[in-house]
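Alright, structures below, take your time with them.
Both complexes shown next keep chain A, but they swap its partner, so chain B is in the first and chain C is in the second.
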Partner chain A sequence: MVRLITHNLLACHVKGCTRNNFPLLFENVQIEIQESDFNPDFLRNFMPKLEWKALVDAARQLGDTSLPLEQPEMVDEEFLKALHHVLLEIHVMEGAMVCQNCKHVYPISNGIPNMLLAEHEIG
Partner chain B sequence: MPAIPITVAAVTELPLDYEDEHVHRVYDQIASHFSSTRYKPWPIIAKFLSEIPTGWVGLDSGTGNGKYLPLPLDRPSSIWTIGLDRSRNLLEIARTAGVQGGPREVVWGDVLGQGWRSGSFDYAISIATIHHLSTPERRTLAIQRLLECVSPSHGRVLVYVWAMQQDELSKRAIPAIGDPSSSRVEDPSPKTGVDVFVPWVLASQPQDKKQSEGHSRNLIAKKRAEESVQHDGVGTDAPSQVFNRYYHMFAEGELEELVVRAAQGLGLKVGSHNEGVSEGHTSGVAVVQNGWERSNYFVELRRWQN
Partner chain C sequence: MIPTPDLSHLTKDDFEHVYEPAEDTFILLDALEQDAEELRNLKPSFCLEIGSGSGCVSAFIGTILGSSASMFLCTDINPLACRATLKTGTRNKIPLEPVQCSLTAPLLPRLSHSVDVLLFNPPYVPTFREEAEDAQGHRGIQGAWAGGAAGMEVTQHLLDIVQELLSETGRFYLVAVKQNDVPAIRRKMLEVYNLPSEIVIQRQAGREHLFVVKFFRQHITIMK
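Our next item is the complex of A and B:
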């Protein structure tokens, strides 16, 4: 699956593409919403490790504007529920992720992103 | 029917082409059957995952059918393990691994790739995967990728590889293995394992013959499945097929040596945090535990930073 929890970790790894290679931009995506177990402790502990701007931008690309541009200092239940939904309930099933820098296209098919590179593209 | 033996392999082609033919294509073809034999987590791995703090995110590099993705079962959704594999067919199985917590996160990729923000994972596991890489350089690189993808200050890594030292049952099954003279001479390491083909049999007999024939036919593969479940063919009428998977069986001490080489290549001190700091190092990797379990060598590592 490509949920935004994974998207927040993925970066382009084409040979020589080391700057502006994160985040990847979604293109022509089809999404599905699937409920998943809400675990506020996971979210609280995971939050500091997120690249927040990348998450908010990606969510907006997928049509979800529930997250604030800055990570809030006060974390309440309502915010955690929104974060949970964005991170773990929006599934990108089809489409692609494109590197902003080198424009390499990573296709997504049946919910699985293809991060394989050809031998000559590997750094 | 005699057991189909493990045979010595010679890596003659380009490593990537070789692995494509003798690893990736095989797993894509045996994915479903293979997966049906791989469902029980190994104890040390289950323990490793049970001790991961809530809120951590990890990578399972070479996830196969994803059997470790749902762990720990007593704290569902408290950590997230993302599965990476080269076999697309295995990933289709991995994405729904386990019954708790819904679908899994899986990525189609190579264990030598670096498709991550550096240091963005809190932990990484690589179980029964690195032994499918066909040169010492590629195996070293695979360890480096694991060390690089986890946090430089607290990242934890667990690696399992197949050992030349087999448990009792396997010793009988592979009498020809264990002769160091058959190992590859170009490996500069003094601790060198052997390159072998391990057959996987997609068998097909009538139900009533499964027990007796299946036992010998699948003897080798069965030993690899520590859970020793009956995983014979599915009872179709198609003729049985044998797929030879390439493995590098590790010698004793070889995995530790690989870790040292990998760490040094990244400029990391190998040793405890205290020891490293007292010697003036600013970053390193500690060996938390290593050993042999059920025909495999394992090593657990922790990165540290000043």
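Our next item is the complex of A and C:
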């Protein structure tokens, strides 16, 4: 399951690709919504660990515009519910993630991202 | 008692290609169970298991911590292991997140100093170096055990980035066997990376003398 929480952690690691290698862009994706348990404490702890702009951009790419462009200072229940949905309930099942810099394509199939590189691509 | 994860969805055929939990898996479960209280008190955000195979270990720690309490990232080079991990997560209602990659390659920059619980039951069996290299290239079942010289060729690469991965209160649980030279591993981690360790459990299981070693950050108490 490539959820946006996972996408927010993945960078291109092709040899020499060290700038503009995060976030990866989604391509030809199929998504599925699956409900998951709401845990506000987890979300609060996780917020500072997120690359916020990458998350908002990825959500927009998948057609979800519920998150504000800036992380809000006042974190209320409504915001946490939106964050929960975007981070944990949108599953990318098929498609690919593409590096903005070197254009390397990382396929996603059956909900699993293939981030392996061939021997000569490894830094 | 924390129940061992339900793996009844995996068949004999699956275990032709994916490592079937064995004594080395169970000693790691025992170590986590022993530390369960401490692990809960850590309030981890990131658990990361390298080489998750069937997903048994990550499903177990998910059960200890609670399914929504942390993120449970898993990596494996074997695509069928990634699939098995995903299914084991679903079966046990723990959202396991498999990423097919070697060690932590695509995650390292973002997870720098962030991993709260790092787990690795590596391919630790001493083999010819070529055997380990082939196994890494083929991404099949041999990669579950072929460890090259002293059984350390895969593990060694991870040891060199543990310091970079662990959060301030993070810990790393490693499964090893006697031939891996546990005292040398511990010395290196302390001297080179300033990471002390303790042996959580060790036991003889058939022909193998197994260890679970836990590494953590040095906490310097400032003297007044």
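One rule holds for everything that comes next: the second predicted complex is superposed on the first by the 123 of 123 C-alpha atoms of A that agree within 3 Å, B and C clash if a C-alpha of one lies under 4 Å from a C-alpha of the other, contacts with A are read in each partner's own complex, and residues count from 1 in each chain.
As a working rule, contacts are C-beta pairs under 8 Å (C-beta built on N, C-alpha and C of every residue); 3 or more make two chains touch, one makes a residue touch a chain.
None of the values given here were measured: they were computed from a predicted structure.
Placing chain B and chain C on a common chain A by superposition gives a clash between them. In the superposition on chain A, A:112 contacts both chain B and chain C. Judged by the touch definition given at the top, the superposed model places A:79 against neither chain B nor chain C. In the superposition on chain A, A:36 makes contact with both chain B and chain C.
By the document's definition of touching, both partners, chain B and chain C, reach A:49.
Touched by chain B in one complex and by chain C in the other are residues 1, 3, 5-6, 9-13, 22, 36-37, 39, 42, 45-46, 49, 51, 106, 110-117, 119, 122 of chain A.
Contact residues of chain C toward chain A in the complex are 43, 45-46, 67-71, 73, 77, 79, 82-83, 86, 95, 97-102, 105-111, 114, 137, 139.
On the chain B side of its complex with chain A, the touching residues are 16, 53-57, 76-80, 82, 84, 86, 88, 91-92, 95, 101-110, 112-118, 120-122.
Residue ranges of chain A in contact with chain B, taken from their complex: 1-3, 5-6, 9-13, 22, 34-37, 39, 41-46, 49, 51, 91, 106, 110-117, 119, 122-123. Contact residues of chain A toward chain C in the complex are 1, 3, 5-6, 8-13, 22, 36-39, 42, 45-46, 49, 51, 88, 106, 110-117, 119, 122.
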